[in-house]
Every structure is written in C-alpha cells, then in structure tokens.
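Both complexes below contain chain A, partnered by chain B and then by chain C.
Showing the complex of A and B:
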C-alpha cells in the first residue's frame, strides 16, 4: 500500500465512526430507551442527505442546512409516533410506511434536480471553512480534510452526547425512559406515555438526520440509495458496543454506542483489506458481521457454561 | 373524598353480544376521608374493573366519578395518577427493573408536576429526602438507593411500589391484591407497611384482597362484590365482629359456588 492508502486506512474509519456514532445514538434511543424498532431510519437518511446536497446547491448556508435537517428529522419522528399512537398502526409498520414515504420524497427531489445532486469541491460545506484554514496553514489536501472533519464532527458529537446525557437526566428525560421501560408503571406515576414516545422518537430521528447531513457534506454526494443498510448499520454498532464495552449505567451505555461505532468501522475497513475491494460484497459483509455480533455473546455464554460445568465436575468428583 | 355514581361497564370479548362480560352493573360507592375499605369477591365479580375505572385505565359505559366534588370521569389515566396512587398485584408492574431505586422514587415523587426538560431530576436534596423517608421503615432500603430494582425481591419491590404510590401525598390509594403474589411472611410485612402508611398519611384507601382474614383485620369498612354489584357492606363495629364464616355464608347466599380455595384458606 502506498502512504496515502495507509493514511486513509486509519483516518477514514475514524471519520465514519464519528458521523455514524450519531446514527447509532438515534437507533439506541428508539431501540433501547423507547423499545421501538424504528425502521424509518432507512428512508430518513437518504431524504436528509439528498435534501442537504440539494439545498447547498441552491446556495443555502451549510450550517442552516444542518439546522433544517435536524428539524426535518424531528418532524419525521413526530409523524411516525403519531401514526402508531393515534392511528394505531403497529410501530414496525408505521416505521416502514415512513421509510417508503421519505424514500419517495428523496427520489422526487433528485428528479427535480435532473437526476443527481452531487456537490463539487468548490461548493461550501460545513467543513469548508476549517479545511481552508488548514490549507493556508500549509497542510496538504488529505490532512486538511481529515483534521478539519474530525475536529468539526468531534465537537458536534461531544455537544450532542452531553446534551443527550443531560436530557435523559432531567425530569422529562426520566419520564421518556420510564415510558419506554414500563408503560403501566409510567401511567400509574402520572407520565403521559404517548407524549413521551413522541418526544423520544423526535430526538431519535433528529440525531439520525444530523448524521445524514454531516455524512453527505463529507462525501459530497447523495443518492436515494444512501439509506440502504442504515438500520443494519445502526443496530450492528449498538450491539457491538454492548457486546464489547461496559454499559451498566446510562452514561456508559451512551458512550458504548460511540465505542461500538469506531470498532465497527475499523472492522469493516480490515474486512475490506482482507477480502479485497469489491463494493458488491459490502452489504453482505455487513450482514454477516451483524450475525457474528449477535451470535458471539450467546456462543461465549454456552462455552463458559460448559467450561464451568467441567471444572465443577472435576472439583466435586467422587473420591474413590 | 371519592364518589362513584351508578357505574356500568361491559366488555365485548368477541363479536358476539351474547358473550359480553358485564363487569359492573350499577355500582355506587362513597369513599370518605380517612376510610380504609377492603374489597372482596369471587373471580370476575368486578373488583378489579372498579379499581381500573377509578384509576382511569378505561372509561365507564355509564356513570360518573367525583373526587372532592370535582368530576374526573373524562380525565385520562396519567392525569388522574397525579392524585391517585396505585399498587398492582404483579410486583414487576409497579417499578422499573433496570433503573435504580433512587430513579424509581424520583419518578414517583414528580408525578404531580409536568416533567421539565431543563430541571435535573436526580438531585442530592432528593436523595437525602429519600434516605430520611426510608430509614424509619427499617427495611434496609436506604442503603440500596443506587441498586437496580431488578435485584430486589418481590416483597421489597412491592414495598417500594407502595412507598412510591404514597410518596406524592395522593388523595386516594388503590391496592389491587398487592400481597397476593408474595409468600405469607412477606405478605404480612407488606400488609403491616400498608396499614402504617394508610394510618400515618390518613389517605383514603381501597384495597382488593383475596385474603378474608386481612379483609376483616384491616380497614374500617368492608365491601363484598358479586356479578358486578356490591352485595354486602359492613363498617365500624359491625365489621369488627365479622368472621370468615360469616363472609362465606354471605358468599353462599349470593349463590357463589366458585369461591376460590385461596380465599377460605388464606
């Protein structure tokens, strides 16, 4: 490998890990805190990424694009919650309905823009300014890009984790957690489960949207296919973090999601190197990885139980 | 003070109206301040439906509910929970297993107010307050504030649920066979705790029980339900003189052949 390839080998997963940590955090809130398998992620992600590139091409300020993207995410989460809570569509189906609808809107946007919404190197993104600063300071293109993106996404991640942690420690955040864990207890304690589910899904989807807009401004391109495998990615990251890292307290659980994200992207990177390039196999690798992540803790448990049984048998063997 | 006026409730079990379950058929009940009412009755007599109607789990088909002369019939369950505390039969239902005792208590103590997204919930003041609250109970709970409720025994969880129900000084306490899932010794401890909370806080209480001895021993009033109606009521001196045999006779008069053994043995 050339020097450039080696640099990219280490930097690229770091970038992805930082950005998709936000996606995993969104999935964590829906899946773990609210106990809802929210599949709308798969449609929200491409919609927001197409929307972001489209509006930047229209000359919107990238920071404004991020704010609007987050609002779109929150709105999507609210609609999703309303569909399941008030129209009594099962959450799994309402997520799928949302996924189709949002995906369709992303196709419509692409269609109106003449088939593609790719940014060029001169279009402004949220990273542009800092990349410019590093370039004038004398760094080469690769390192200015890498460092600027890591700093900006890193700062956003830190703020988001702090905010999410604070929110789930407030009275309202505690109520959201209660509504997800035990509906009967929540209602008996004066908590409106419906309201809290709406709030929780809004936060969850807002985080997914944030990841999507940061991602498309990072890759400078967006297609409706961007959402493919996003739910698998989010869940893999979540389970990987839970399998490898401690997550007993809420704070540790939050951080384990990000830890999982980094590990996931490095594992994918290594897989790529071993298996050779071949985008065709990417999703297959990812699906296999998820199976492994889910199966390993269970297999380890069985193995441990066997070992402990054998040890006890020898220790307590009848004396002859 | 709670007043139930002419409550009716029918459940449609399947599409066929002939199979409708008439759970309540005209219940009038007035719970005065300081009342501790025990409720007994066979399976399907409408006890739990009555409690659920008062708690607001579902609305009555006919009838009205008044709390301190204010109509609460249209209020949803979480709104009523601000002034009605509840303990369920299943110890798992009243608390959240994978958060700490402290967090569970905080949730219960905030029940009367709108949850704020800006106020930190787990404050030091709250913790000291709970330690002071738990110490005199001598259950050792004050040392386990940071332990997850999932590690507690059924009896401890039920005691915690009881404390949580009474924490925000409710105007009414509803107990639905809250000792039925516990072993006899633990059940007695939880009953003693219940009695002391009801007496100390002077909170009006409605307690369903399958244990006739408990129904006679505790509280100042007793009501017996059958087929969705209150068929017998006793209070004060009259209630103190009651025996389990008396109650069984009443059941037989109401032609209840299906008195569960647990009620006789308990």
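Showing the complex of A and C:
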C-alpha cells in the first residue's frame, strides 16, 4: 500500500469512530439508560446535517451552528417524550412520527435551497480554523486535516463523556437512571418518571444532533438520505462495545460505547481492503463479521467452562 | 468481560493482516469508481465509462486497474469508500452527486491532486463540484445529466388538449429537486396548471400516481434514480387510472413506461466521461475540459403504449428526424 493508503487506512476510521461514537452514546442513553428504542434518530440526523450545511451557506458561524444544532436535538427529544408521555403514543411509534416529521423538514430545507446544500472547501466549518493553523505551521494537507479534526472531535468527545458521566452522577442524573431501570420503584421514591424521561431523551437527541453536525461539516455535504441506517449503526456500535469491552461500571459502559465505535469503523475499513473490487457482498460480510465478533466472547466462555470442568473431573477422578 | 483483551488482540492482528495482504502494488495506473447505488442508470454510466476507456487503449487489468465501489446509497459508507478510493487511485470517477462530491472532498482533504471525473450529476455548480461549467478550473470535471427539460415540455405543447401537468420525483434526490424547479417554470410559461407529487421511496410511487387528480393530462418525470428503476410500477399505476396520463421521461432508459422519453442516455453519458478520463490520463489538465452534457437530441417514442392508452401522438413529433419509435 502507498503512504496515502496507509494514512487513510488508519485515520479515516478514527475520524468516523470519534464522530459516530457520539451518535452511539445518544442511542446508549435512550436504549440502555431509559430503555426506549428511539427511532427519531433517522430523521434527526439528516435534519441537523441539512440544517448545518444550509446555515453555514447562509453565513452563520460554525460554532453557533453547533450550538443551535444541539438545541434542535434537545427540542426534538423533548417533543418526542411529550408525545409518548402525554398523548400516550407508544414510544416506538412516537419515535417513528418524529422521524417522519424531522425528515420532512430536511426535505423542505433542501427544496428551499434548490436541491443542494453542499459546502465547498472554502466555506468555513468548525474545523477550518485549526486546519489553517496546522497548514501555516507547515503540515501537509492530509495531516492538517486529520490532526485538526481528531483534536476538535476528540476534545468535544472528552468533554461530552465527562459531562454525561458527571450528569448521571448527580441527583437528577441518578433519578433519570432510576426512572429507566424501574419505573415503579422510582415513583415510590418520589421521582417524577415523566420529567426524567423528558430530560433523558433531550440529552440523548442532543448528542445525536451533535454527531450529525460534526459529521456533515467533516464531509462537507448533506442530503435527506443521510439518516438511512443511522439507528442500526448506533445499535450495532453499542452492542459491539458491550460485548467486547468491559462495561460493569457506568464509566466503563460509557467508554465501551466509544470503543465499539472504533472497532466498528476499523472492521468496515478492513472489509473495504479485503474486498477490493465489487462490493455486492459488503453488507453480507458485514453481517457475518459482526456475528463473529459478537459470538467470540461467548464461545470463548463456553470453551473455558468446558476445559475447567474437564480439569476438575480429572482432578476428582479416583486414583486407581 | 474477561476475554475482552483477547478479542482486541485478534481484531488488531486481523487489521494488520488485512493491510499487509493488500500490500502488493502493480505499478499500473489505478482508476477508482464510486457508484452511489445499484440503479440501472448509474450502472449504465459505469459500464459506458469502462468501455470508453478500453476503446481509448486503457483496458482494465492491462494498462489500468479499475476498482469499483458501491455503497448501495448509504451516506456514511459512501464517504468512507470515497476516502479509500481517493487514497488508492490515480484518477477517480464519481457516479451520481453524493458520490462525486464525496470523492472531491476526500481527494481535497487527503491533499492529493488527482483528477476527479463525474457523471450523472445534474447541477455540478450547485453541488459545488466545479466553479463554472465551461471552465471547471480545478481537478474536477465530468458530464452533467441535465436533460432537455424545456424542449421536452415544448413537445408536449403539440399534443391536443393539455391543461394541467403533474410532476413526480423523489424528494430525497437533490438532482430531481433541481430539475423540478426548471420544469415548473416551463410548465407555467406554457400556461398550464401545475401540480406535483413527491415520493420518499419506491413503495410510494403507485399511490402517488393514483393520487394525481383526474383533470391532469400529463406527467413529467425528471432523471430520477428511484423512479427510473421502477418504471414498470409507473406503467402499471398509470394503466389503472380512469384517465391515463401522457408520461414524459427525461431519460431514454425510462421509455418502457413513457409515451415520450427525451434526453439522457446514461451509457453514452458514461462513455463521454470515459473519453474525458482518457484525455486526462494522456495529459490534458481537467481544469481545461469543460463540463459536458448528454446528447439532448435523443428522442424515443413508445407508440405501442400510446396506442394502447388511446393517446394520439401528433404527426409532427412522429416525423422528428432520428426519433426512435417503438
């Protein structure tokens, strides 16, 4: 492989892993902490992508775009929770309703802008400034891009994980976790389960929105199709992390989500390498590889149990 | 999880192994193709490209080495694949707007100055691929698939009794949204009433056509991947209407379900893009190759179906030179 290929082989999954780790964290909070399968992700992701590119084209400051995107995410989470809590729409369905509505808004924005909201590389993004700094420092284009993006997303990820960890350690955060774990018990302890669900979903959707805006500013393009497969991506990342990495404590569980994200994107990158030409089998291989990775720890456990049982048997066998 | 470390070691060795496996370098010029999805139009654009390159003396496996990647319309996979191709190729070819823009951005952020050729992009300027159509000015050029929308609608004006025209397109396809805006202006200029229906996926096509009101006479279809791939569905839905619509398509590949299809032939479009790539490989600067458009004089008429529907095609249109009548 050429230098370019090596660089791309290691850096590209790192970038994607860092960004989609936030998505997985959002899915984690909804699915694991609150025990809600929130499908609105598939509509929120393209909406925020399209919105971010559109507003940047309108001349908004990229940092402001990120803040507003996170607020949009939080608002979407709140509306989603209100739909299911007060209008008694089952959570799965309220997620689907939100998905359609948000997706529709992304289409409206695209129409308003004549079909495209793509950015060119002269449009400012949240990464531009730091990329410029590294370029003036003499780094080549590839490394300026790579290092700037990894630093910015890395710092955001670290802050987010720290904040989320801190938040779920506070009284309110504990109450959210309790409300997700056992509603009756939480109620009996004087926790307002409804309020906690609203807060939890707001945090979850805000994280998904953050991932979306960071991602579209990384790829410089957005279409309403961007949400396709996002919930599956979030869930497979989450399960990968949980199966392979330790997740007994809450802190470890948070980190395992990001670990899962890196593993997922490196696996995809390996598949691209192995397959070379024609990707008709890509999704089949992806499925098989995921099954393999998810099954390894379980199979190892069974094998180990068998070995230790056999050893015990031989030890306990009567001496002749 | 106790065995976590072992699994990680296993994964890491797989990673290094895969990287080492693909380490062989043939020294041939590498051409990377990113085809956004498996749609007939896009596959034709790929095949035409490969054929034109071979005709110009760049045969796959001999003079050049072609790698084709297809993310099956998944955005995240699309940009990941674009990164892989941008790093590994000497020239990349993007089919459809999302793939073309992903390749351009991947090439730029990898700091590589390799040429990017595109096709099946309707508005290369709006999609930020080139600065201007006649002077692309950088490492990107290709073929636009913008069909002769106004010319085709002007043909419709020759039919008797047209009062209202509907447009049907996929709302998530940027290219379609762009064309519908052009079509609307022409429809209004002809003094017709205009309605439109959009779908999000193929399953909605039949109900969208059924939902077109009965006073509508004709239906305009832009070059739209989802609709082009489901023309049989369009045909069936139209046949079950009380008053079938006169359907006009912007892609000659759509002719089976249309009365008239005018404009883009994606195989030819791919061939033109292939010729551009051959030019670039022999030393022409892509900045100097203007963005091309398909041969817009192509006109297909589906007379068999028009007769079955009871639509009279004006003799003037049937007499058009070069028209292919089925």
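Details
The rule is simple: the second predicted complex is superposed on the first by the 276 of 320 C-alpha atoms of A that agree within 3 Å, B and C clash if a C-alpha of one lies under 4 Å from a C-alpha of the other, contacts with A are read in each partner's own complex, and residues count from 1 in each chain.
What we mean here is this: contacts are C-beta pairs under 8 Å (C-beta built on N, C-alpha and C of every residue); 3 or more make two chains touch, one makes a residue touch a chain.
No experiment lies behind these values; they were computed from the predicted model shown.
Within the superposed three-chain model, A:172 lies in touch with chain B and out of touch with chain C [touch as defined at top]. Judged by the number of chain A residues each one touches, C leads among chain B and chain C. Of the two partner chains, chain C is the only one that A:111 touches; chain B does not reach it.
Applying the stated contact rule after C-alpha superposition, one finds that A:297 touches chain C and leaves chain B untouched.
Applying the stated contact rule after C-alpha superposition, one finds that A:185 touches chain B and leaves chain C untouched. Look at A:193: by the touch rule set out above, it reaches chain B but stays clear of chain C. Of the two partner chains, neither chain B nor chain C is touched by A:99.
Remark: chain A residues 1-2, 4-9, 12-13, 16, 20, 103, 107, 110-111, 114-116, 118-121, 140-142, 144-145, 215, 219-221, 223-226, 228-230, 233, 243-247, 263, 265-270, 272-274, 276-280, 282-283, 293, 296-297, 300-301 touch chain C in the complex.
Chain contact summary for the complex, chain A toward chain B: residues 166-167, 169-175, 177-178, 181-182, 184-193.
Contact residues of chain C toward chain A in the complex are 1-4, 6-8, 10-11, 14-15, 18-19, 21-23, 25, 66-77, 79-81, 83-84, 86-88, 97-98, 101-102, 105, 108-112, 122-123, 126-128, 171-172, 174-178, 181, 198, 200.
Only residues 55, 76-79, 81-82, 85-86, 88, 93-99, 103, 106-108, 110-113, 115-122, 164-165 of chain B touch chain A when the two sit together in their complex.
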